[in-house]
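Before any comments, here is the structure.
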Amino acid sequence: ATLDDVKARGELNCGVSTGLTGFSLPDANGNWTGFDVSFCRAVAAAVLGDGSKVKFVPTTGQTRFTALASGEVDVLARNSTWTFSRDTDLKLDFIGVNYYDGQGFMVRKDLGVTSAKELDGATVCIQTGTTTELNLADWFKINNLSYTPVAIETNAEGEQQYAAGACDAYTTDASGLASTRAAFADPENHIILPEIISKEPLGPATRHGDNEWTDIVRWTLNALIAAEEYGVTSANMDELAASSPNPEIRRLLGVEGDLGPMIRLDKGWAKRAIAVGGNYGEIFAATIGEATPIGLARGLNAQWTQGGLLYAPPFR
Amino acid sequence: MSEVIDRRIDRSHMQVSDEVAIQISRMNKWYGSFHVLRDIDMTVHKGERIVICGPSGSGKSTLIRCINRLEEHQSGKIVVDGIELTSDLKNINKVRSEVGMVFQHFNLFPHLTILENCTLAPIWVRKTPKREADEVAMHFLKKVKIPEQAHKYPGQLSGGQQQRVAIARSLCMKPRIMLFDEPTSALDPEMIKEVLDTMIELAEEGMTMLCVTHEMGFAQAVANRVIFMDQGQIVEQNEPAEFFRNPRSDRTKLFLSQILGH
Amino acid sequence: MSEVIDRRIDRSHMQVSDEVAIQISRMNKWYGSFHVLRDIDMTVHKGERIVICGPSGSGKSTLIRCINRLEEHQSGKIVVDGIELTSDLKNINKVRSEVGMVFQHFNLFPHLTILENCTLAPIWVRKTPKREADEVAMHFLKKVKIPEQAHKYPGQLSGGQQQRVAIARSLCMKPRIMLFDEPTSALDPEMIKEVLDTMIELAEEGMTMLCVTHEMGFAQAVANRVIFMDQGQIVEQNEPAEFFRNPRSDRTKLFLSQILGH
Amino acid sequence: MANVPDAPKESFRLSMLLYDTRYRSLTIQVFVFMLFMAGAAWLVDNTIRNLAALGKDFNFGFLWNRAGYDISQRLVEYTNDSSHGRAMLVGLLNTLLVAFLGCLAATVIGVLVGVLRLSKNWLVGRLMTAYVELFRNIPLLLWIILIYAVFTEATPAPNAFRPNPETGIASQSMFLDAIAVTNRYTAVPNPVFSRELGWLNLGLFYVNLDVIAVIAAAVLGWWLNRMVKARATRIQNATGIRPATWWSSLLLLVGLPVAVLLGLGFHLEYPGLKGFNFVGGINVSNSFMALWLALSLYTGAFIAEIVRAGIMAISRGQSEAAFALGLRPGRTMSLVILPQALRVIIPPLISQYLNLTKNSSLAIAVGYLDLRGTLGGITLNQTGRELECVLLMMLIYLTISLLISGAMNVYNASVKLKER
Amino acid sequence: MSDTPAQTVPFVRDTMLPPAPPPASQAGALRWLRENLLSGPLNIALTLLGIGAVWYLLQGIVPWLAHSVWSADNLTQCRQIITDRWGEGATGACWAVIRERWTQFLFGFYPQHLYWRPTLAFALLFVALAPVLFARVPKKLLWFSVAYPFVAFWLLWGGSLFLPLTVAAGFGLGWAAFALLHRFGTIPAVAAAVLLPVLWWLLFAGDLSRDLTGLVGREVPFWLEQVRSDKFGGFVLAITIGVAGIALSLPLGIMLALGRQSDMFLIKTLAVSFIEFIRGVPLITLLFTASLLLNYFLPPGTTFDIILRVIIMVTLFAAAYIAEVIRGGLAALPRGQYEAADALGLDYWKAQRLIILPQALKISIPGIVSTFIGMFKDTTLVVFVGLLDPLKGITDAVRASTDWKGIYWEPYIFVGAIFFIFNFAMSRYSMHLERRLKTDHRQE
C-alpha cells in the first residue's frame, strides 16, 4: 500500500507543476515553495513527521496523471481540476477541493479588448492536456467564434509566448493567470478579462483503489481547512492543545480521541501538518494571498462561515 | 628452389611407422550442389610426409580443411589419430588440438605479440601454466630462428617471419600431425626458402605432415608420397622420384609440364 | 620477362618518320614550391616508341601527365601534334582526344559494361553513331583478345583483362599517340605478359608510344629510345641496346644494377 | 573394398544435446526460446495484473470517442467534434508533412553544402565546414528551440503590419505584398482556382481535383520529357549528334503544368490583416517553420558529409580517365562521377531520412501537433490510455521506418556493382 | 629509313640542375589568393557571397557580443547597465546570468558542498578510459576500469559503500560460477553465471548491504552523504546518462551483434527484430515508455528511480546502434582469423573473447565514439520525462526565477557552446583514431 511504501522510502513523492509562481516553484537551490507545495509538505509532516521529506516531481499538464497512475508520485497537487472522467475513467481520486477556480483570459491592455466575446479570430495560447483546452474549444463553438490555438507544454512556455506576442490571449485557470501576470515585469499592462468560462475546482488527487492512503491525504486537507475554521494556527496551536476546551480542536490536535490511529498514523499527525506551513488560511496568505505579488482574494475560497465554499467535515 | 633440392637431407630419422595417423575412406563433400571432393580414400601413417598438388580449384584446400573439420564432410569417414570426426564437438576439439594447421596467409593474430600468439592456445586450450607456455613458445621460436622477435607484433615482421611464427604457433600445441595449405605461396621469393627450411627441419624430426604446395623441389626433397588431385579426386599418388620422373596419368603430365615449365 | 625479350619482334613495320609528334622545350613544373620537372627538352617523332624509366618520385608520371595536360606546366612549351598546350580549353580537349592514356590502375568505369566503357568517349566526344562506335569497340576488344567479355562489368574481369580493356578503350578514340603510365605494375606476374603482348602488337602497328615502365625486357624488345629520369630531369637517353649495355651516367648505372640485379 | 561399413548408428545420448553440433544449436535455441517466452509471459502477466489493479482494460475503443480539442494545423477535415482516431490521423499527416518537406530541404541543403565544401574556394569551404561542424555537434533540440526563438522573439507581431491610424504608415510591410513573417506564423498566399473541378471523396478524406489535375500535368510532362530524351538518344545513336533538348524539356516540365494552372484559373489569394490576424492566405505556424528549418539544417549537415564522402569516394582516377578520353567536365560529372557517387550516397542518405522522420517527434518542444502531440500527447492525457497510445504510436513510427528502410534495400539490391 | 632517326642523339646530363624557385604565379600570397578565392568567375561570385554572408552574421552578432555585461543581479539591472553604457536602444548580452548560475548548468541542484564528488567522478572517468584508449598505459589499470562504474555510482549518489559493493559482488559471483562450471561445458556455465548473480541481487544483496551498513554505521569511509536523483541536473546528468548508457550498452551491443551474426535462426531473428525495432522508433517514445509504461511491465509495487529507468532505455537504444557498429567491425575481420582460432582448438566463446572481439572492438572505436556523441546529444531529450537536462530543463528553471525571467539567448548559447566543445573534441579524436587505425591497424 502507498502508506507503507512512503514510510519505507522515508520520503513522499509529490507531483507538482513545473513552475507556477505562488503554487509551486523551485528557487535557485532547488527548494520548492508555493500553495501546492505547502500542501505536500503538510502531508509529509503528517505521515513522516517531517515536512521536508518530500521529493517534488515536476509534471506538465500532459504527464501528471500518468505520473500518478504509474506510481511515480504518491500525491498529485498540481492545480488539477476535478472532473467526472478524471475521477472515474482515469482512475484518480480527487480528495477534495483546495481552490475553487474558473477559466479566464488574459490579454495585453493595448489590444483594446474588454470582453472575451471580442476575441474572434484571435490566436490563443493554451496548455495541452488540460481541461481548459477542452473548455476553450467548447466555449468558442458555443459563441460561434473562431480562434487559432497555440499548443504549449508548460506555463513557462505559455508565459514566454504570450509575452513575445505570439498569441493575443492566454487562457488558463484564473489563479494561474494571476500568478503569471504577477510574474511579469509590467503587470499593469495586462488585464484578465471578466468572463470566467468554466468551473475549475482544483484539488489534490491520489490513485484510485488505495482508500487508506486517500483518506490520509483527504483528511490532511480537511485538517488544514478545519484548523482555520477553529482558529488554530501554527503559532497558537501548542497553547490551544494544552488549554482549549473545544473537543473538536482537541481531537484535531490529538490531545483527545483516537483519530490518528484510525488512519494508521499517530495522534499528532494533524498538529504536525498544521505546524509546517500553518492552516489553510496561513498558507493561502503566505503564497498567493493579497499580500503577495499574486494578490488573489479569498473569494469563493473563504470559509463557509465567511461566505465562501470551504467547508471541512467534522472531526469526529 | 634448386637450393632446396641440392641440400643434403638426412632421411635416416624420417621413419614411417605402421601406425595409422589419418584414415579417410569414401569421403565426399559438396558445396551446395557442387561436388568438391569425390570418394576420397587415403591413409596416412605416423611419420609420413605427404605433398598434395594439383590445379587450382581441384579441392586440395578443402581436403586438408576437412581433416581438422574446418569444413564438414557429408559422407564417408575421417578418423584422425583414432578419433572419428563426427558432429560431436568434444571429438572435434580433441582432434583440433592434436592437429596443427598453417595457412597460406599466416592468419596470425595481429593484436597479440608473437609470444602471445604462441602461448594463447596452450594456455586456454591445454591449460598450461603461463610460465611453462612461455618457455615452450620460446623453444619453438628459437627453433624457427626468431626468438628475438618474441615481443614484437605480427605487423612488424616480414612475411617469411610471420609464416615461421605461424608454424611455431602450431608447434606449441605439440601436435601429432601438421597440415600446411600452400604455406609459401603468399611469400616473396626470397622468403620462401626460410619457411621451407623450417619445414624440412620439422620433417627431419619425424613429424607427420600433409602439405599442399607447388614447391616441387620441396616435394622431391622431403615427401615420401606425392598426391595429385584434380576435380575433387585423387588422380595419382606415388613416391616423389617416381611421380616426377614417371607421371602416369595425362593430367599429371600436363600439370607437371606447366608447373615445371618456367 | 625473358619470354618477352626472346620473342622475335618484327621491327620492319615500326618505322619512325621525321614528322614531330610531341615537342617539349624547356618545360618546368612546380608543385607549390617543389620543383618536379626541370628544364625538360624532348622531341618525339611519329612512330617512335619511347620508354621512360627512373627511380620512384623522379617525375615520370608527372611528365607524361603534362602531355595531355592532366597536370599544368608553369613554364616552357609543350606542342602535341602541332597544337600548343595552353590554358585554352578547346586545344586541351583537342589534344586529349588525340592522345590515349593508360593508367596504372586501369581506371575503368565500374558502372558501365566493357563495351560501354569503350564507346562512351567515341559517342560523346567524337559524336560517332552508336552502331559504328560499337563496331569499332568490338574490333579493338577482339584485338586485345577479350571480345567475349564485352557485356560484363569491369569488376568481373581479372586485372590483366581490365588493363587490356583500358587499352582498347583508348584505342577506340583512334589516338595518334598513346601514353602508358606503368601499365603493368599493378598486375600479377601471369597477367603482365598478356598486357605486354598487347602493347607490343600496338608498337608493331606503328603507334607512337610513350611508356613509363620498369619492364626492361619490353624496353629492349620494343623501344627505340629509353629515357632515364631522376630528380625531375632527363639524365640520359639512348637507344635501348646502348642504354642497357653501356649506361654512361652513374645514376643510370646504379638504377640499372638495382633493377636488373635480381 | 566393396562396401565401407557405415559406422553403427550411434544411439542418442543426452550429452549429445550439448556436445553434438547437430543438436547443440537446437538445444541453445530451445533454451533461448523458453527464456524469451518466459520473459514475454512475465511482462504480459505483470501488465495484466497491473491493469487489473488499476481497474483498467486494454481497449482501443477510445479512438472512436469525441476528441474535444482543436488542432490548428490540419491537412484533412477536423473539428473538435471529430474522434481521437481522426486526431491521430491529423497528427500522423503532420508528422509526414514535416518529415517529407524536411527531407526535401535537407537534401537540397546537403547537396549544395557538400559540393561547396569540395570547392577550391577557401572562404566558402571554411564557411561550409563551420556550418557542418556547428550543426552536427550541437543537439537538435537546441536548434529547434533557437530557431523557434528567432521566429517568436525577433519577428514582428501581426499588429505591426497594421497602419498606424494617425500616420497611416505601418511599422512593418509585407514582402512583395504577399508574404509576412510574424512572430506567430508566416503568412503566404493561398493558391486558389477560379474554375474549380471540385473535390473527390476518398472516404478518409477529400482531395482537390484541381491539385490532382496539376500533378497529373506535371507527371505527364515528366513522362513526355523522358520520351523526348529517349528520342534524342536514338538520334544520337543513329547519327552521333545529340539534338538539343533543353528547350523542349523546359516546355514540358514547366510549361505544361503552367498551362494547366492557367486553364484552371489559378491565382493567388493574398493574405490581408483582418482583426487580430492575417486571413486569406495560408498561415504557416512558427512551430512548423522552426521544426522544419531545424530538422532540415541539422540533417542537411549530415547529408553534406555524406555527399562529400560520396564524391570523394569516386577516386580521382575516374575523372582523370574521363578527362584523358577528352570528356568535358560537365559530361564527366553526369556520365561518370554522379552515377557512381549516387550508389555510395543513397543508402546513408536514406538512413538520414529515417533519422529525420524519427527526430520530427521533437515537435513536442515547439508545440507542433504531430503524431506524438496528438495521439501520444493530448489524446493520451485526456483518455488516460497510456499503454494503448504509446504502443500504437510506436507501431506507427516503426511501420514508417520499416517502409523507408525497405525501399532502401530494394534500391541497394538494384544498383549493386557487379563483382567477381 | 633507320630504326632510330638521326635526330635522337644520345644524351647524358653531366651536371644535375638544382631546384629553382617557382615563378611568382606559383608562390606567395598572390598565388594563394588567386587559387583559393579568385580562380574563375564562379569562384569570384562565391567569394563575394561568402564575404556577404560573413558580414551579415557578424553585423548581427558582434555589437551584441561587444555589449556584454558580466555582472548584474537580475535582468532588469543588466538591461539598465547596457542602456547606461551604450546608450538607448543598444542591445547586448547579459552573461551575468551565466556567471551567477553556471554551477547550476553544470551540476543541476546537486548540493554545493558536494560538487567535488561529480568532479572527481568525471576526472576518474579519464583514468578508467586510459587503458582502453592508449596502448601504452599499463594493463593493470584495467582493474580500475572494471571497478570504475561502482566507484562512480557511489561518488555520485552517495549512501552506503556496501550497496555498490554487494552489487559488484554479484558480478564476482557470476564470474566465479562461470570459472568453476566451465569444465562442465559452456552452456551450463553461462546459465549459472547469469542466474546466480540475479538470484543474489534479488534475494540477498539488499539485505546484506543494509545489515552491513547498520553494522558499521554512517561513518565516512563507508558512507557518503546521499544525493537524491532529483538533485541531478545539468551536465552532470547528461554525462551520467551518456556514460552509463554507453558503458552498459557495450556488452549488450556485443551480444546483439554476435546474435545477428549467428547462424541459429531463432537467435538471429530475435537479435534482428530487437535491433530493427529499437532503430525504428524515436528515442522519445522509448523515454515515454520508461516514464509511463515501465511500471505496467514490472511486478506490481516495484518503483524505481527515474534516472535509472531512463538509463535503461537509453542503454537499450544505444545497444541497437552499437550492435550495428560492432557488426561492421566483425565483418571487417578476415575469415582467416576465425579459422586460425578454430584450428588451434579454441571454442566459440574463447575465440570470440580472445581473438575476434578484441580486434573487432578496436576497429569499432570510432563508430562507438560517434554513437556516444549522438547519445550525448540525445540526453537533452530527458527533459520530456521531467529530468533537468542542461539544455531545456535548467534554462527553464533559471528563467522561472523572477530575476532572470525573459532572458533567452545567453543560456542557450552557453549550453550549446559546451555541447559543441565536448562533441567537437570527441569527433576530432575519433577522426584521428580512424586515421590511425587505417594506417596501423595491423601494427601497434
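Order of writing sets the chain letters: A, B, C, D and E. Residues in each chain are counted from 1.
Keep in mind that, in the parts below, a residue touches a chain if its C-beta (ideal position, glycine included) is under 8 Å from a C-beta of that chain, and two chains touch if they have at least 3 such contacts.
Small disclaimer: the values here were computed from a predicted structure and weren't measured.
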Chain hops separating chain E from chain D, counting only touching neighbours: 1
Path length in the contact graph (chain A to chain D, fewest steps): 1
Rotational angle, Cα trace of chain B fitted to chain C, multiple of 5°: 160
Contact-richer chain pair [B-E vs B-D]: B-E
Central chain (by mean CA position): E
Centroid-based (C-alpha) most distant chain relative to chain B: A
Centre-of-Cα separation between chain C and chain A, whole angstrom: 89
Distance from the mean Cα position of chain E to that of chain C, given in whole angstrom: 52
Mean-CA-position distance for chain C and chain B (Å): 45
Overlap residues in chain D, where contacts from two or more other chains coincide: 19, 53, 153, 364, 386
Contacts with two or more other chains, residues of chain E listed in rising order: 292-293, 295-296
Where chain A touches two or more other chains, by residue: 63, 66, 70, 160
Interchain contacts (touch definition) - all pairs: A-D, A-E, B-D, B-E, C-D, C-E, D-E
Contact footprint of chain E on chain D as seen in their complex: 18-19, 25, 27-29, 31-33, 36, 43, 46-47, 49-51, 53, 116, 119-124, 127, 133-134, 136-142, 145-146, 149, 153, 358-359, 361-362, 364-365, 372, 376, 386-387, 390, 393-394, 397-398, 401-402, 405
In the complex with chain E, residue positions of chain B that touch it: 68, 70, 89, 93, 96-97, 99-101, 103, 105-111, 120-121, 124-125, 153-156, 169-170, 173
Chain E contact footprint on chain A (complex, rising order): 5, 11, 18-19, 21, 25-30, 55-60, 63, 66-67, 70-72, 154, 156, 159-160, 163, 183, 185
In the complex, chain D residues that touch chain A: 53-56, 68-72, 80, 152-153, 157, 159, 183-184, 274-277, 279, 283, 285-287, 364, 367-369, 373, 377-378, 380-384, 386
Residues on chain B engaged by chain D in the complex (per definition of touch): 25-26, 41, 76-77, 84, 86-90, 92
